[in-house]
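Each of the next two complexes has chain A plus one more chain, namely chain B in the first and chain C in the second.
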Partner chain A sequence: MKRTIPLLITSVGGIILILSFFIPFAQEWGETVAVWFDILAGIAFILGGGNLLKTQLKKISDRKPGWGYAGVTVVAFLATLYVGIAKVGVPPNEQYPDKAWSGDYQAEGTPFWWAYEYGFRPLVATMFAMLAFYVASAAFRAFRAKNLEATLLLGTAFIILLGRTYAGVWLTSPLPDDSPLRLETFSDTIRDVFTTIGTRAIMIGVALGIASTSLKIILGVDRSYLGARE
Partner chain B sequence: MYELLKNLDRRWIFLMMLLAVLIPLLLQWTFPEKISPLTRNTFAEIERLQPGDKVLLSFDYDPSSEGELSPMATSFVYHAAKRGAKLYFMALWPVGPQMVEEKIRQVIRTEFPDLKYGEDYVNLGYKSGYEGVIKVIVTDIRQLYTTDSHGNNIDSIPMMRGVRSLQDMDLIVSVSAGYAGAKEWVMYAKSAYPDKFNVIAGCTGVQAPPLLPYIPRQLPGLVAAIKGAAEYESLLGDQYGLKGNPRYEEGLRRMGPQLVAHLLMIALIIAGNVVYFIGRRKEQAR
Partner chain C sequence: MRPASTTFLAQAFVILASAMLAPAAPGQSPPAPPAPPSNLQAVDHPWDDGTSIDLAWTLSADDTPNIAPARVTGYVIRSRKDGASETIEVARTGPGETSIKIGDLEHGESYTFDIAAVGTGGAQSTAVAAAPIEPRRQIFNASRLPLMALLAVICGAIIAYIILARGGMKIHVRKIAGLQAVEEAVGRATEMGRPVLFVPGIQDMNEIMTIAGLIALGRVAKVAAEYDATLEVPTARSLVMAAARETVHAAFLAAGRPDSYNEELIYYVTDEQFGYVAYLTGHMVRAKPAACFYLGAFYAESLILAETGNAIGAIQIAGTAETAQLPFFVAACDYTLIGEEFYAASAYLSGEPDQLGSLKGQDVGKVIVIAFMIVGTIVATGAELTNPGSIFSRAYEFIMHTVLS
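Take a look at the complex of A and B:
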């Protein structure tokens, strides 16, 4: 029963969505299932938050290395959650001034807004900005022209790196404007021809794989999403 | 020299990258941009808008991609507002509404103070479900959006009257950093109703290749990475006299660090390979 009901839900949901695409009469059923999907996606946030608390609290209780950071995570999570849900410091909506919780929790100047603007945003931006440094280090240590394929890849990389900046325009400026050998034009050609061809082929392969896997899941052949049998 | 490069501490590379980005930024280097056909097509799509046309702008990114996408988002909002279009903002990413509010603050309230919230622009906010959101609102927007992002009843918003679904939009613009984003807009909105509206997009550099197969029929225009943003700003500056306005030259200013950083990357790759081949020759000689 524990595995049968999820299997049935998957099969029925999948079949309805397929039918709704091909049969106009069933189109509304597909829209209803899509709304259920969006509701489940919202509930998944609660699941994700619960899982976060569970793993971080376990790390703290087990005193694993780095448990202090887990403590910071839990405190930041709970504080942001409380400030957002309780709408701390949020003025009521102008249309409903007598309803205390009618205001926008993201209103400028509120604690939630402050946590986002001065905590979350700079931290996330900094984390991804660091990638540039690691890419530079990797370029020096790992990008080796060890064989023909690697050499072709590096040559293409040079063309793109130059073509996407003014350096490419300047280097090949003596060539006529319509010359295909101008670096900016050449990098566009690489993008429009070679990259598009390869991406298109990959997309077709992925789409066929998705169709095959989806059919196996809908028909109950692939049950990996149910987890291991207890 | 060989031993120095072979044993180079990576912190020197980090320092070189820091200087490569910092110096052009501080000196505010900008360079003339050669406009690519993709950017020109994107510009033309928004330029075609007439006053009163409805444009849905979906800000599907977060602060991690803000450096690359914020300049093009600013340009899209300015351009669409300048054409007199009605702006419907939404987001498929949880932090998207904050990106929207920032652009409303930076562009609409500053450059277009006569525009009224609810009549000329509205922020519908974020809904969970990624492409599921698109699948629903492409036929009925009120199945998901009953309020805007500030909690106002959607039926009390004047510009939402008569808007039943995405099919009532004249153009959809996605500023996209990944999943869910431009690809999903093309797959679930444009493909479902190919004749109702066009979809154009601005995206990060790494997201551009998966979108290329959709060009030009399903995605007539694509502004890719900060280079595309700089090209778009250049077009916008020429068309609407924005040259010298720092708010609309952010992408152009970021091309300076991009140029120096790219040259540094090329130099590092060459240096790394020189070290490798010298090392290999020494080993073979032994």
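Take a look at the complex of A and C:
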């Protein structure tokens, strides 16, 4: 039963989603399946939040390496949860001025909004900005001309990068506007023709892989993700 | 003193502006609007999902292609939803055209369409309206029939090969270096006494890449259980955590090591993409896993993870179907499962006949795709080199507007 019912739900959900793509009358069924997933994921968040607290508190109690970060996580998690759920500092909705809880917790100027705008977003932006350094270090390693293939890769990358800069456009500016050898045009050609060919080939393989994997899951051929038999 | 060229430009601008703003000279009245089209008919588009209406009309009396100059430059079609106050333009056609399909309508709503002829200078005739109509959906969406046929053939081939493999048919699968290295990576982690880190991506269980990643996790966990290695799985979704726990538990049971299974090593971190990355990179630097697996749906975090793993000297195996992330994994990881290899991982690692049969079925799909590509290339080239009414042109139109629409 432990695997049969989930397998049945998976199969029925999968078949409904396929039918909803081809049969217009089943479109609402597909939307219902998607809504049910959202409900399930929403409830599962309680499980995740509980697990997060448990893991971090255990780290603190065991004084594991980096336990101070676990403390910051627990404090930030509980503070955000309280500010959001209790609607701290949220003005009431204009339509219901006598109901203190009627306001939007995300409204501009509220503590929750403030924590998001001035706490969370800068942190996320910092992590994203660090990507530039990772790109530089990976490119340095990948573009070393150690064999023919790597040299071709290096040359192609050089043309693409140069074609995106003012210097690249300026270097080949004496050539006629419609010349395919102008760096900006050459760079576009590499991206639009050669890269597209490779990408599409991978995408066709991916599409076939998705069809095969989906079929195995719907038919119950592959059940390893459902756990052990009872 | 202003340079002469500046003065000349200023004068030219004044003359041009005067000409544009001056009232029309007596006798130069704007062109009269053309005669309106007539007999506008609106019918429901057959075999669709209830979002299209077909319109047909009789040409304006002034729409005469053989008489120059042309008085009609095209037609403008507008619609008004039942209950709405304003009419909006939904399409324009060229002269001589007598029908059009209007799409993107809302199922269950009633629309009133009108049409007017557009003359030279933009003058429009009086509008002619059709009776209100509601788009109706049919039992089957015929525009998706070619895709359904293709899907049926490919799925049929996969099922057929699964049955043949169950019957004892020998299936040959080419070696995939990244999957052959799984044992090596887990073995190395065991020897070094360090953990194995498995990252199943940042998407939820409704994403097929996550499911494929978890299926691969089951195989990796079995190897880890056999080697008695520590396997750690931080997840970005609660449901993925629950499913990963079941998967790893089943793998440890299958390997005969249920006592080695530790539920606490499979845990939830956060739904936030860069929060998850921040935790993972910090944890990787502190715990220094000897083997890192990145199998699932990845986006901008792919390179941050792979570069961190590279910096700590871990053996890294990545796999995703996100084509934009593949170059990053290729640059920073030891092995990368590209596209379909990622989906083949489960079958390859399990070695079960059912699973290998499904891989062979995919090959049939590849043959069909290659055949379509060859035919499509010939047809497109023929259409380019022959007259518009030729068989190649008609075949090209059919492929573009029916098969691929």
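Note that in this section the second predicted complex is superposed on the first by the 210 of 230 C-alpha atoms of A that agree within 3 Å, B and C clash if a C-alpha of one lies under 4 Å from a C-alpha of the other, contacts with A are read in each partner's own complex, and residues count from 1 in each chain.
Throughout what follows, a residue touches a chain if its C-beta (ideal position, glycine included) is under 8 Å from a C-beta of that chain, and two chains touch if they have at least 3 such contacts.
Since we're looking at a predicted model, the values are computed, not measured.
In the overlay built on the shared chain, the residue A:D192 is in contact with chain B alone; chain C does not reach it. In the overlay built on the shared chain, the residue A:L81 is in contact with neither chain B nor chain C.
In the superposed pair of complexes, A:P65 makes contact with chain C only, with no contact to chain B. Look at A:S224: by the touch rule set out above, it reaches chain C but stays clear of chain B. When both complexes are overlaid on chain A, the residue A:A139 reaches chain B and chain C alike.
By the document's definition of touching, neither partner reaches A:I15: not chain B, not chain C.
Residue contacts after overlaying the shared chain place A:F128 against chain B and chain C alike. Judged by the touch definition given at the top, the superposed model places A:I210 against chain C, while chain B stays out of reach.
In the superposition on chain A, contact of A:L154 is made with chain B only, not with chain C. In the three-chain superposition model, chain A touches both chain B and chain C at residues 27, 34, 37, 41, 44-45, 120, 124, 127-128, 135, 137, 139, 141-142, 199, 203.
Residues 27, 31, 34-35, 37-38, 41-42, 44-45, 93, 95, 102-104, 106, 108, 116, 120-122, 124-125, 127-129, 132-133, 135-137, 139-146, 154, 157-158, 161-162, 164-167, 169, 184, 188, 191-192, 195-196, 199-200, 203 of chain A are the ones that touch chain B when the two sit in their complex. If you check the complex, the residues on chain B that touch chain A are 8, 10, 13-14, 16-18, 21, 31-34, 36-37, 62-67, 95, 97-98, 101, 127-130, 132-133, 135-136, 139-140, 143-144, 149-152, 156, 208-210, 212-213, 215, 225, 227, 255, 258-259, 261-266, 268-269, 271-273, 276. By the touch rule above, chain A contacts chain C in their complex via residues 21-25, 27, 34, 37, 40-41, 44-49, 51-52, 55, 58, 65-66, 69, 120, 123-124, 127-128, 130-131, 134-135, 137-139, 141-142, 199, 202-206, 208-217, 219, 221-222, 224-228. Interface of chain C with chain A (complex): residues 48-50, 107, 137-141, 144, 148, 151, 154-155, 158-159, 162, 204-206, 208, 211-212, 214-215, 218-219, 237-239, 241-243, 245-247, 249-251, 253-254, 264, 267-275, 277-278, 282-283, 286, 300, 303-304, 306-307, 310, 321, 323, 326, 328, 330-332, 338-340, 342-344, 346, 350, 354-355, 358-359, 361-362, 365-366, 369.
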